[in-house]
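Alright, structures below, take your time with them.
What follows is subunit A paired twice: with subunit B in the first complex and subunit C in the second.
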Partner chain A sequence: MAVATLAGCGASGHSLLNSEVRKLNPSLLTPFPFTFSLDPLGLFFLILICTVSLPVALFSVSYVKRHYSAARQKWLWALLFLFVTSMAGVVAASSGFAFLVCWEIMSLASAGLILIEGSSGDRRHNLFIYLLMTHAATAAVIAAFLVFLPHSHSLDFAAIRAAGATLPPGVRIALFLLAFAGFGTKAGIIPLHLWLPRAHPIAPSPVSALMSGVMLKIAVYGFVRFAFDFLVGGPAWFGYLVLVAGAVSGLLGVLYAIAEHDLKRLLAYHSVENIGIIYLGLGASLVFMAHGARVWAALALAGALLHTLNHALFKSLLFLGTGAIADSTHTVDLEKLGGLQRRMPVTGAVFLIGCCSIIGLPLFNGFISEWMIFRSFLGGSTLTNSIAQTLLPLIVGVLALIGGLAAACFVKVFGVAFLGRPRSQEAEHASEAPLAMRAGMMLLAAGCMVIGIWPGAFLRPIVSLAQSLVGAPAAPPETLLIARVIPWVAAAFLALLAVVSVLKRAKRQTPTWACGLPGLTSRMQYTSTSFSKPIRFVFGRVYKADRKLEVLPEDQPYFPASISYHSVRTTSYERFLYRPFVDGVVAAANQLRRLQTGNIQVYLLYIVMTLVSLLLYLRLAG
Partner chain B sequence: MGILETTAGKVLSAYSVFLFLTVLAQAAARRFSTNVLLFSLQSAIIAIQVAVIGYHEKLVEAYVVAALIVLLKVVGIPYAFFRLIEKLQSPREVISATSAAESVFVAVGIICLSYAAVRSYASGVHAPEDSLAASVALILTGAFLMVSRRKALVQMIGLLVLENGIFLAALTTTFGMPLIIEIGIFFDVLIGLLLMGLFVFRIRDTFDHLDVSKLRKLRG
Partner chain C sequence: MTIALGVLQVVLLVIGAPLLRGIVGRLKAVLQRRRGAPIWRPYADIWKLLHKEDLVPPSASGIFGLAPLLLLVTSILATAFVPLLANSALLGSTGDFILLVYLLAFGRFFLALGGMDGGSAFGGMGASREALVSSLAEVPLVLGLVAVAIQASNASVVGMTEWALERNFFNISAVHLLAFLALGIVALAETGRMPVDNPATHLELTMIHEGMVLEYSGPNLALIEWAGAIKLSFMAGLLIALFAPWGMATTFSPAALGLAAVAMLAKTFALAVALAVIESGIAKLRMYAVPDFLGVAAAFGTLAVIFTALMKR
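Presenting the complex of A and B:
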C-alpha cells in the first residue's frame, strides 16, 4: 500500500509539474462511459489524498499489528487500500458514472473499516446512521448528475461542463441545491452533520484520520467541482447560502467540541468546524464571483483549498496522536488522561504542532489559509453592492470567534491530556508510541510546519488553480505578500528564540504552592469539564444542557455523604429536526403498508386495475 | 384486405358474440360446475374459430391446433376439474365478493371497455374489431373472476379464461401462430394447471378449506 501511495504521489506530483492531462479509459468494458483523467483540481486533491495516506499507512503498520488479530489485519489492510484507491478514483474520475461508482465504494469501504473494530449493537446503530445519511447524500449527488443529463446528453465531465454555461436558471438552482445538500451531508455541515460525531469515534484511529482528514475533503472536492467547475458560480444568494452554512457549522462545531471530553468526538466536531471555515471561504468566493470581483474570489477560493489541504494534514495528525494515546493508555477520555508530555514526549510535541496548526497560530499552516480567508472577507468592503459590502466584513467577526474558541478548546485538550498530573492508572503508566507510529505523525507534523513557514511553494499552484476556476485575470497580491513575509517572520522568531536561550537565567526549582494544603493530587487540577465551564456558561443557550444534581443522603443537604452532578448535552437536532422527519417517513410507510394486505385477490385487483386504467388511457389518448 | 381474410374476419366476428355470451354467463354462474362447462363451451367456440381460419388460410397446422384445443380445453381440463371437485369434496357454490347481478354489470362494463379500447387499434392492424374486443373481454373477465371469487378452484378457471383471451388475441392479430409455439403455450397452460392443482391440495391439507382470503394470515 505504501508503495502504491508513493507511486500515486510521484505520478500526481509529476503531472502537476508538467500540467499534462493523463487519461484512462476503461469504458470498453462497461456499458457507461467510465473514464478517468486528471485536471489540476483533481490533481490537487489527489496529492492531498496521497500526502495524508502515506503517513497514515506508516502509522498503521505498527498500530494495526498491536491491536488486531491476523485475520482482521488482512481485512483492515485490504479495505484501507480499497478506501484510499476509491477516494483517488473519485477525484480522478472524468465521467459521472466513474465518479459515483468510486464515491459509493468509498462510503462502503469506510463503513467496513468501522465494522472491523467491533460490531456491538451500539456501534451498529451508529454505523446505520452513517450509512443512511451517506446514502441520502449519494442519492442527492446522483440526482444532481441526472438533472444534468437532459442538458448535457452525456455524463462525461467535458459535456457537463459545456452544458453548465447554458442551463436555464431553474435547473441551475435545483442543481446547486442538490449538490449543496449531497456534498454538504458528506462534508458534515450543520445540521447535516449528525453522522460525523457518531461515525468517527467508533472507527480505528488511522481510519478516523483518513475519514476526517481525507474523506470529508472528497465531499469538498465534489462541491467545488459542481459549484465552480460545472456551474461556474451563480447568483449571489448561492454564496450567501454557503456562507451561512459555513458560519453555522464553524461556530456550533467548535462550541460542541469544547463541551466534549471524548477526544475523538471532540476532534470530529472540530472537523465540522473546519469544514465550516472551508465553506466560509467557498461562500465568499461565490459571492465575489457573483459581483464580478474575480481576484478576490480567487483569494477566497485559494484560501479554502489551502485550508482543505491544511485540515487534512493537521486533523489526521491529531487523530493519529489520539490513536497513539489510545494505544498506550487504552482510553480517549480526557478526564482520565494527564501528564502525558513527560511519558510520551514525541507524541506530545507533534500533537502540540497539530494543536497550534488547527487554531491557526502564525508559523503553522492553519494560519496561512485562515489569514487568506480573513483577508478576502475584509476585501468585501471594496465591493459596490451594499449588502455584500456590509455583510462580508462582518463575517470576519464570526471567523475570529471560531478561531478564539478553537484556541480555548485546544488549550484545554493539550493542557488536560499532556500537562499536569495523570488522572488515572493507565495515564500514569503510559509509554511512548513505537517508531513507525511516531514516524507517521512526524511526517504529518513536518508537513504542517513546512506549509506554515514556507507557504510560497504551495501557494503558487493553488492560487493558479483557484485563478483558473474563477477566471481571475491576475493572482491576488495578498498571497505574494504573505509568501514573502512569513519566512522572514520565522527567521526573526528563531533569532529571538536563540537570543532568549542565550540570555536565559539559571533555573530556580521550587515545589509548587498547594494553597497551604499538604501535597498536590491530580484531583486538584482543572478537569476538561471545569476548564470549558466558562465558555459553556456564556453559550448556555447553545447547549441546552440537562443538569442533574444528586445529594445523598437527602435529609442532610449540608453534610452529604456523596454528591454527584451530571450535565448531559442534549442533541436538539435529533429531537427537533430528525425525529419529526423520521416519524413522518415511518408514518408514510405504515400507510403504504395497507397496500400490502396479504390477500391474493387484492393483489390481482391491483393488476386488473392497472390493466383497465391502461386500456382507458389508450382509449382516451387514441 | 383479401377476400379470404375478410371471410375469416366475418366468422371470427360472428362467433365473438357467442364468446360475449359465455363471458356474461360466467359472471352470473353460481355453481362451480356451471363455470367449468362454460369454460369448455368457450374453448369449443375458439376451436371452431381456429378451424375456420385453417380452412380459409389452407393451413393444416391450424387443424392440429384446433384438435389440441378440443382435446385439452374442451374435454381434458374440464374433466380434470370434475375429478378435482369429486376428490376435494368442497361445497359446490361459488363464494363471490360480488352478487350475480353485480358481476353481470361488471362484465357488461368490461365488454364496453373492451370495445372502447380496441377501436383505435383494430383498424390499424386489419384485425376484426369484434374478435379483438372479445379477446380483451376474456382477459379482463378472467382477471375479474380471479379477483372476485374466494375459492382457489374458481381462480384457476379465471386464469384459464384469461389464457383463452390471450390465445384469441394472438389468433385475431396474426391469424394463427406457428404450430410449435401453440404447442408450447398448451404445455404452459397444462403445467400451470398441474402446479395450481397441487397447490390447491396443499392449501386444503394445511387449512382444511380452499378459501384463499384466509391466507392473509401468512403476511409478515
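Presenting the complex of A and C:
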C-alpha cells in the first residue's frame, strides 16, 4: 500500500505541474457515465490523500501488528486500502455516478474499519449514529446531483459545469443549500457535527488519522467542487451562510475541545474547529466573488485550500501521536498521562511540532494558511458594500479568539500529557514507539515544517489553482510577501537561538518547590480538568454543565459524612435539535402506520386509486 | 543604512529594555513615597542570575530549558518590527502585524509549557491562567491593529506608522483613539501589569506570570526576566509608533536622528509615568474580572473596526 500511494503521489504531483488531464472511461460497463479524469482541483486533493496515506500506512505497519490478530490484520489492510482508494476515486471522478459510488464505498469502508476494534453495544450505537448521519449527507448530495439532472441532462461533470452557468435562481439556491448541508454534515460543521466526536475516538488510531485528516477533506472537496466549480459562486448570502457556519464551528469546536480530556475526542473537536477555519476562508471567498473582488477571493480560497492540506498533515500527525501514546500506555485519557516527553522523546518532539502547527505558530505550516485567511478578511475593507466592509474585518477578531483558545488547549494537551510527572503507573512505564511508527510520524512532521519554513514552493500551484477556480486575473500580491519574509524570519530565528544559547550555564537537578513541605506527588499537579477550569468558567454558558452535589447527611451541611460530586456535560444539540427531529420522524411514522391496516381489500383499494390517479394524470398532462 | 538603523533599533530595544523596567519601578517608588531601587537594578539582577547555575526539577524534560530561549528569541524578533528613530524597521515593512502577533504567541506558548514541566501545582496554575488571559487578549490586540491597518490601507507596522506620520495630532481619527484604548489595555495584560497581573507578588491566589516561572532560576530566569523587559519596551515602542510617531527622523543625518532619539526618549518616559500611575493607582482585578476588563478592550477594538467602515462614506 505504501508503494502504491507513493506511486500515486508521484504521478499526481507530476500531472499537477503539467496540468495535464488524464482520462479513464469504464462507462461501457454501466448504463450510467462512470468516468474518471483529473483536473487541477482533483489533483490537489489526490496529492493530499497520497501525502497523508503514505506515512499513515508506514505507521500502521507496526501498529497493526502489535494490536490485532492475524485475521483482523487482513481485514484491516483490505479495508484500509479500499478506504484510501475510494477517497482517491471520489476526487478523480468526473461524473456524478462515479462520485457517488466512490463516496458510498468511502463511508462504508470507514464504518467497517471502526468495527475492527470490536463491536460492543456502545460502539455499535456510536457507529449507528455515524452511519445514519453520513447517509443523510449522502442523500443530500444525491439530491443535489438529481436537481442538476433536468438542466444538464447528464451526470457528467462537463455537462453539469455547462448547465451551472444558466441555472434559474431558485434551482441555484436549492442546489447550494443541498450541497452545503450534505457536505457540511460530512465535514462536521456545527450543528451537523454530532457523529464526529463519536466516530473518531472509537476507530483505531491510524484510521482516526485518515478519517480526520483525509475523509473530512473529501467533504471540503465536494463543497468546493459544487460551490466554486459548478455554481461559480452566487449571491453574497451564500458566502455569509458559509461564514456563519465556519465561525460557529470554529469557536464552539475549540471550546468543546478544551473541555475534553479524552485525547481522541479532543482532537475530533479540533477537527470541527479547523473545518470551521476552512469554511471561514471559503465563505470569505464566496463573498468576495459576489462583490466582484476576484483577487481577494483567490487569496481566501487559496488560504482555505492550503489549510485543508495543512490540517490533513498536522491532524493525522496528532492522531498518530495519540496512537503511539495509546500503544505505549494503553490509555488516551489525559488525566492518566504525564511525563511522556522524557520517556518517548521522539514521539514528544513530533507531537509538539503537530501542536505548534495546529495553533498556527510562525515557522509551522498552520501559520501560512491562517495568515492567508486573516489577510483576506482584512481585504474586506476594500469592498464598497457596507455589510461586507464592516463584517469581514470583524471576523478577524473571531479568528484571533479561535487561535488564542486553540493555543490554550494545546498548552493543556502537551503540558499534561508530555510534561511534568506521570499521573499513572502506565505512564510511568511508557516507552518509545517502534521505528516504523516513529518514521510515519516524522514524515508528517517534516511536511509541516517544510511548508512552514519554505511556503513559496507550495503557494504557487495552490494560488494558481484558486485563481482559476474564481477567475481572478492576477495572483494576490500578499502571497509573494509571505513567501519572501518567512525564510528570513526562520534564518533570523535560528541565528538568534544560537547566539542566545551561549548564555546557558551548567544545570543541577533539585527537587520541585513544594512550599517547604515533603511529599510532593503527581496528584498535586494541575490536571487537564483543572487547567481548563478558568476557560470553562468564563465561557460557562456554552457548556451548560449538569452538576450534582450530594452532601450526606443532609441536615449537617458543614460537617458532612460524605460528599459526592459529579458533573456531566451533555451537549444541547441532542436535547434541543436532534431529539425533537427524531421525535417528529417517529410521530410521522406512527401516523403513516394507519395506512398499513393489514386488510387485503384496503390494499386493493390503494392499487385502484393509484391506477386511476395515474390515468387521470396522463389524460390531463397529455 | 536602513539595515544599520534597523539593527541599531533592535539593539536599543533589547539592551535598553531593563532600563525602562528600572525607571518604571523607580517612578512607582516615588509615587508611593519609597526610596526605591536604582534604575540600573534590573541589569544587576540579570547579570547576577546569569552567573548562577540552573536548578532543574527532576521531572523536567528538554522543554524546560528550551522555553526561556524561545521566549527571548521571539521577543527579540518582535522588536525587529518596531520603527523607533526613523520610520523603518528590519521586519517592519515586509512582515505584517499578524506575523508579529503570532510571534508573540510563540514565546508565550513555550513559556506556558515550561511552567507545566516543573511538575508542581504552581506552574500549572500559572500556565492555566496565562492561557485564559492571553487567549482573551488576542481579540482586542488583533482588532485594534486591524482598525489601524484599515485606516492606513497597509498591514505592515511601518505602513501604519507612515499613515500616522503624515497627519498631525489633531488630524488623527476616532478610530485611532479607540484602537489606542484597546491596545493600551492589551499592553497591560500582555506585559503582566496591574490590574491584570501583579509583577511584584508571589501569592498563589493572585499570581499569573510569576506562578508560571516559579521553578525557574539562574540563567533561565535571567532570560525570562530579560524577555519580559523586552516585551514592555516593545509594547511601548509599538504604541508610540502607531499612535504618536511624530518626531521620527525623515533623513539619516546625525542631527535628525539625535532629535528623533530625544523625542523617542521623552515619549517613552511619558508612557513610563502613565504606567507607574496606573500601577500605583489601581488595585489588581479579581481573576474572573479580568475577562470583563479584556472584554471592554475587545469592545473598543470592535468599535474601532466598525468606525473604519463608517469613516469611508
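In this section, the second predicted complex is superposed on the first by the 588 of 622 C-alpha atoms of A that agree within 3 Å, B and C clash if a C-alpha of one lies under 4 Å from a C-alpha of the other, contacts with A are read in each partner's own complex, and residues count from 1 in each chain.
Assume a residue touches a chain if its C-beta (ideal position, glycine included) is under 8 Å from a C-beta of that chain, and two chains touch if they have at least 3 such contacts.
What you see is a predicted model; the values in this text were computed from it and never measured.
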Quick one: classify A:P534 as touching subunit B (first), subunit C (second), both or neither. second
Taking the superposition on A as described, I'd like to know which of subunit B and subunit C A:V171 touches: first, second, both or neither. neither
Inset, instruction - May I ask you to decide whether A:Y526 touches subunit B, subunit C, both, or neither, giving the answer as first, second, both or neither? - result: second
Mind working out whether A:V612 is in touch with subunit B, subunit C, both or neither, as first, second, both or neither?
-> first
Applying the document's definition of touch, where does A:L115 land relative to subunit B and subunit C: first, second, both, or neither?
neither
Chosen between subunit B and subunit C, the partner touching more subunit A residues is C
Subunit A residues where the subunit B and subunit C footprints coincide none
Seen from subunit A, its contact residues with subunit C in the complex are 339, 341-342, 345, 348, 352, 356, 359-362, 367, 371, 374-375, 378, 381-382, 386, 389-390, 393-394, 396-397, 399-401, 403-405, 407-408, 410-412, 414-416, 418-421, 481, 484-485, 488-489, 492-493, 496-497, 500-501, 503-514, 520, 522, 524-526, 530-535, 537-538
Subunit B residues touching subunit A in their complex are 97, 113-114, 116-117, 119-121, 136, 139-140, 143-144, 146-148, 150, 155, 212-213, 215-219
Subunit C residues touching subunit A in their complex are 50-63, 65, 69-70, 72-74, 76-77, 80, 91, 94-96, 98-99, 101-103, 105-106, 108-109, 112-113, 115-125, 127-129, 131-132, 134-139, 141-143, 146-147, 149-150, 153, 155, 214-215, 218-220, 222-223, 287-288, 291, 298, 301-302, 305-306, 308-309, 312-313
Listed in rising order, subunit A residues that touch subunit B in their complex are 596-601, 604-605, 607-608, 611-612, 615-616, 618-619, 622
